[in-house]
Each structure stands twice: as C-alpha cells, then as structure tokens.
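Pasting a structure below so you can have a look.
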Amino acid sequence: MSAPILSTRGLSRAFHGLQAVSNVDFDLPPNEVRALIGPNGAGKTTFVSMLIGRIPPTGGRIAFDGADVTDLPAHARVARGMAYTFQITSVFSRLSVHENVALAARRRLGGDAAAVDGAVTQALARVGLGDRADDAAEDLSYGHQRLLEIAMGLAQKPRLMILDEPTQGLAESEIAAFKVLIRELAAETTILLIEHNMAVVMELADRITVLNFGEVLAEGTPAEIHANADVQAAYLGTGGADA
Amino acid sequence: MSRALILHLGLLAVLLAGNVLLPAYHHGNMARIMVLAVYAMGYNIAFGYTGLLSLGHAMFFAAGMYGMGLAIRLADAGALPAMLTGLAAGAGLSLVVGLLALRTAGVSFMIVTLMFSQACYLAILYFGEWTRGDEGFVIQAVDRTLFGIDLSDPGNRYIAAWLLFSAVLLLTLRLVRRPAGRVFVAIRENEERARLLGYDTFRAKLSALVISGTISAAGGAAYGLLFGYAGASFAGVQYSIFPLLWVLLGGAGTVVGPLLGTLFMFYLIDLSSGFTEAYMLIAGLVLIGLTLFAPQGIAGELRRRLWKGLP
Amino acid sequence: MDFGPYLMLAMLEGAVMAAVLALTASGLSLVFGVMRVVNVAHGEFYMLGAVVAWFVAQHVGGGPAIGFVAALILAPLLVGGLAALADMTILKRIDYDPERTIVATIGLLYVIQQVALMTYGPNAQPVEPPFNQRIALPWLEWGDGGLAIYFPWGLSTTSYKLFVIIAAVAVILAVWLLMSRSKAGLIMRATQLDGEMATAFGIPVERVYAAVFGIGAGLAALAGVLIVPIQQAHYLMGGDALLLSFIVVIIGGLGSLPGTIVAAVLIGMSDGIISVFFSPTLAKIIATLLVALVLVFRPQGLFGARAR
C-alpha cells in the first residue's frame, strides 16, 4: 500500500462536553474511493468538517500528503489540493453557472482567462451542464445545483475530493450518471464519499469506513462490511432491509 | 474594445463635454458631484462588490481631507505631497480598522465601523488646536496649485475632478473584471463557499476595505483641495450615511451606480433645500423607499431589465 | 467643596443619567433580543417622547403636574403606536432582514428628526417639572469632636431627580415582570427562540413583532418624558441617546436585559463621573473605542457568558 494521502491520528471533537468524534485513526491511500457511512449523528459530517478545516478539532492531528495540516485554515488546505462539496447545496446562487465554476478554477489558474474558460467548459461538460453555463445558478433545479457543486470540485483538480452526501435529492437517472462520473474520476483523484444511499456505496466504494457514536466501528471492503455483524447490529438495524 | 468599456468611455466623454456645455451653476455642482462620486465609488468597492456594509466610511473620507489639509496647514506642504499624505492616511486608517473590524461580520461590523468613525470625529473635535474643530479651516487659494495649475479656477477644478473621477472609474472597471474583483463578489454572495474554494477571504476583505478606504480618502483629499475647506462635519455620521445612500440609489455593485446615485441625490437635496431647511427628510424618505421598492438601485434595475452584463 | 461631597454629587447626577439610559437602552435591547434587528431610529423615539411632553405641557391646562402626568401617559402611547405602525408598513415588508432594517431605520431616523425640525422647530424648549424641591444632602466629616454630620454648600439634589430614578426602576421592574412572568412575555420569548416554530404553534408573530417594536419605542419615549424637565427638548437630542444606548446594549451583551441594566448603571455613573473630572469629548472617545473593541474581542458583551 502506498503512503496515505490523508491520515488522522486520535482526531476528536467535543461539543459542550458531548463527544461527537472521538479518537479516530483514519488512513486513506491515494486513488481510492472510500465511503464513510454510519447512522445519523454518528459524527460523519463533523469528521469531514475537521478534515477540511471548517471546525477545529479538540484533539488529534490531521496529515495531508505527508504534511501536518491540523493548524492550517480551510482555504490553505484547499490550496494544497483538498476539495469539499457541501451537504446542503452551497453555490453562488446569483452568479452564472459559468462564473461559479470559473471561481473554482481561477484560484488554481490565476488570471489566464483562456485556461479558466477551458477548465470551466470541460468541468461543465463532464457533469452534463454544458448548455446551462449562462444561467444563474439559482435557476437550476436542485439536482442540477448538486451537479454544479461537483463541477466546481472538478475544476479545482483536487487530489482529494470530499463529497458530503452528493446523491441526496437526486433522481434515479441522475444517480446513475453520478456513478459513471465517480468511476471516471477514481482514475484521477482520491475520493472520500459520505453517503446514505447503500446501493451507491456498495457499487462505488473500494473500501468503507463505518462510524458509530463518533468512533470507527469497522473498516473493510464492501463485502466485508456487508458481512460484519457489528455493523449490521449498529447500523443496518434489526432487519437491515434498507441496506 | 468591449461594449462595457465603450459605454463607460462614452460616459466620461459626456462628463468632459460638460466642462464647456454646462452653465456656471451646474458646472460647479457637477465638479462637486464627480468628487463625491469618487467617494461613493470607494464605498461601492466595500459595500457593493464585497458586501461589507460599513457605517463609518466618513472616517476614511475625513482621513484624506485632514491628511491633505493638515499637511498644508501645519507642515506647509505643496499640493501634491499633501494629496499623497491624505491617501496614505486613508490607506493606513483603513488597514488598522480592517484588521480589527473584519474580525466581526454583519450587524457587528456595521456598529464597529460606526463606532470607530465616531471616535475619529470626536478626535477631530478634541484636537481642535490643530484641526480647528467644528469650525474647520480654509485652504488658501495660494496653496491650491498643482503642477503650476490653479485649482481654485472653476475650469481647472472641473478638469481635475474629471481626471480623478475617470481614473477611479476605470480602475474600478478593471478591478471588478479581474480575478481579485471576482473574488470580492464571491465573498459578497457566499463567503463560506469562497473560503472552501481556497480563497483567503480575510485577506481579500482586507484588501477590499483598504482599496475602498484609500479611494474614499482620495475623494476627501480632492474635495478639500478643490473646494478649499476642511471641516469636522465631513467626518460626522451623516457623511457615513451619504455614500450608502448614493450607492444604494445608484445601484450597489455596479460601476456607474455611484455616479448616478450621487447625481440624483445631490439635485434632489439641492432642489428641496430651496423650500425647506429640513432637506435631510428627503434623504430619509429615499432610503426607506429604496429598501422597500428598489433594493437594486437605478443601475441595478437597468442591469435586471436591459443588460445583464453591465459591470 | 471637598473631594468627597463632590464625588457624591457626581454620582447622584450619574444615577439620574443611568436611570434614563437604562430605560432607553432596555427598549433597544428588547427589540434586538426578540426581533434580532437593530433599530437605528431608537434615539428619535426618545426625542419624540421629549417633544410630545413639551406639546402636551403647552396644551394641557391645570398646572405642570397635570400636564406632566398626561405626557407620561400620552407620549409612550403615541410614540409606541407610531413605531408599531412603522414596523407594520416598513420592517415587515423587508422581512426583518438585519442589514436592510438598519438602512430603513436610518431613513426613519431622518424622517422623524426632520419632521420634528419642521413642526417643533430648531430651538430647545423647557418643560417645568411637576415638583422640584431642593433636597440638601448631609456629609460626614471627622472634626475636632469626632464624626460630625454637616450639609456642605452645593451638595443637593431635587425631589424630581429622585423621582426619575424611582420611576425608571419601577418601569424596568415592570418590563422584567412582563417578560418573565406574564403570558405575553412567554409569547415574546417563544418568538425570540424560534419565529417559525412560534408561527407553527399559532403565535401571531407579526403582531408580536409590532408590539415589541412599539414597547421598545415606548420605553425610549418614556425616558424622553422623564428627562425633559432636567434637560429640555431638542430635535437633535436623539443622536447622543442612540449612541449611549448602543454602548450600553453592546457592553451588556446584545439582547440581554439584565446585562443592559448593569451596563447602563456602569456607563451612566462613569459618564457622570468622568465628565466631571475629564473633558467630555475625551470621555466619549474612550467610550466609543471601548465599545468597538468589546464588539471585536468580546462579542458576547462584558457580562455575557461565552456562547460556545
């Protein structure tokens, strides 16, 4: 196994004395598609928020690409090659679709307008929004706004892409297209996926990490996780029917 | 040349033609409006483009005016070094205020800027020995020559105001189409998203505020130099409200908005002060009307109805 | 006068100031607490209270006492009604957006102030206090014969000033009881916690907001009525009142009523004391800078607990 692109040691976060994430050791090798699952309130969003730097940890360290980034602000981590898409859609709603993606590309490409335009066109084409470039982001449907978020992630050419519940609110056909897109991306980058939709997880993930009560409950291939008794008890519930 | 550039150059040409076409009274007004519009354009960088609603920009305007005025009055400086002193004062003050005030946001930011500005106003009164407090001081015509040109002459004054206005207008136009200006807009629209695209939003906001404060100071310094007077009232709360009013009226986040708003409001107050001393009543009614009916302002409505690409 | 009696005099003046300030600021704090908006026109409601008191005193016969009592009732009602009307016609329509509310209330500030200028005029006008006995105050001194009580010349207050302090305390107690013990207070607190939830439970949030805005303005107007026999009414008197109320509300922690009261006493007393010994301008510079720095470094106020 090559050196992990992202790793945490003893990562913890408490809110008002309540331990949302405790002592998580986590390693993500490059070019893997990793899914992070767990019941509601298991601390998934808190965990990735600490990874990207939206909230500071109360304990532990985070390393990205071999360097300790625990004390870096969010924008500096993004500049080093992390990208994050929000669970609740967060785009520049009054700006055009093109400008949304251009803002994502421009940080990397600077004032080179032609290169930015190229990156924007390419990213929009990949998510299938090529014909909506001039519309205001707020005029897109909810599903299309989620795709726009992913396009913004693509335009950053990140080495680690953190997707927080990307398929939430997508139609079945859109989910199918999303799966194709992630498989393509897996060749270029590392993906950390928080996902509720088990079908998506089982199909896309190389490996799965299960969080429960803020701790790592299990980690393994989809088949291993599917067979894991602890996971079934904690997460898949009594019947496991919705898995 | 882009359509936007042609439009704005056309506007500048019309304003320049005003120097020979306008009757004396309106000629004088227009020179004043162009200088005040420089202040409004400075305010627009912070408020209109970056979403930083400051209620204390009078301190930057006054920093320019007093930096310039005191350099002449106390250090007997020439007009050019005095202007530069004014600009430096505005830049320095906005840097310090920004470093502190930008730790807050929204309503707190409004109140913090209001308070800092009030402290500056009171400081001008307190150091009355040098500033002559409320009464202010006159800048003698003899001190108002730049490169041998007498700025107290109405024609020269108009051209000087026009040059400064044009420079700031073109600078704004360039800034908002550059990546840095786009980041300002991104911060206005969704700061958290901009941060998570890898932009250092604190630094961007600080640069926006310093650019804004320095342009406002240029307006203040030019106002003092061209019209020969510096007074504490220019540092008062009212002069912090004015640019907000002008920019809201003209259209926040548009390049021409500040001029339109300043022009419109100037004449509205000019006309109403003809029949009542309570002319600020008009300003109050316009502010309420704007928030209720036209939060986009004149240029904002033009952009919405006629041309989406208006910068 | 010796330093001791002098200080006591300053503190008495400060207490009157603090009482009026506490009333004005608690109105601002109430509005911010429940509605989460900053009312920049608050000082103008204070000014209106004073101006209405003058009008009432001019037009109600039967001596200063009757006129004053009439003003005490009429001014808060009129001003509160006006504020509720402004809430329903302006603030409601911009959906209480925090920043647009500030812009709109700046507009309201100028409208009220300038209408006062047009009707009431630019001059300061006095209102006669309903009663105004001079009360000499005693002072203790170590003399030749041990501790002695004497009445230093100049150390005195008036019955009216004592009345202002008592009235302010009574009104603030009443507001506190209203907020913490009554059903109306419960409704307001529910609205404060979660407007949408309150709507879902059938609380008429819009009417609550109008009422709160009206009560907030009414408190400022009441303070205006109380101060006018001491200070005279002037159309620009709202500016300082607003600034000081801001200072008090921020130092006390935005929206916290007890914090506001403590801060009002602190600021009122210190303003009285500082301005006796220092230049008032310097005192104001220090106070405004202090407020700005409190907001920057301790946004929860000097007395508030840290939120997280």
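Chains here go by letter, A, B and C, matching the order in which they are written, and residues are numbered from 1 within each.
As a working rule, a contact is a pair of C-beta atoms (placed from the backbone, for glycine too) under 8 Å apart; a residue touches a chain by one contact, two chains touch by 3 or more.
From a predicted model like this one, the values you see are computed outputs, not experimental measurements.
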If we look at chain B and chain C, which chains touch each of them? none
Which chain is the middle one, judged by CA centres? B
Calculate how many whole Å lie between the centre of chain B and the centre of chain C, each centre taken as the average of the chain's C-alpha atoms. 34
As a quick test, compute the distance in whole Å between the mean CA positions of chain A and chain C. 52
With chain centres taken as the means of their Cα atoms, state the distance from chain A to chain B in Å. 44
Touch list for chain B against partner chain A, complex: 178-179, 182-183, 185-186, 189-190, 192-201
Residues of chain A touching chain B in their complex? 52, 54, 73-76, 78-79, 84, 86, 90-95, 99, 102-104, 106-108, 110-111, 152, 156
Residue set of chain B touching chain C in the complex reads 53, 55, 100-101, 103-104, 106-108, 110-112, 114-116, 118-119, 122-123, 125-126, 237, 241, 244, 248, 276-281, 283-292, 295
So, in the complex, the side of chain C touching chain B is made of residues 38, 90, 93-94, 98-100, 102-104, 106-115, 117-118, 239, 243, 246, 250, 279, 281-282, 284-285, 288-289, 291-293, 295-297, 299
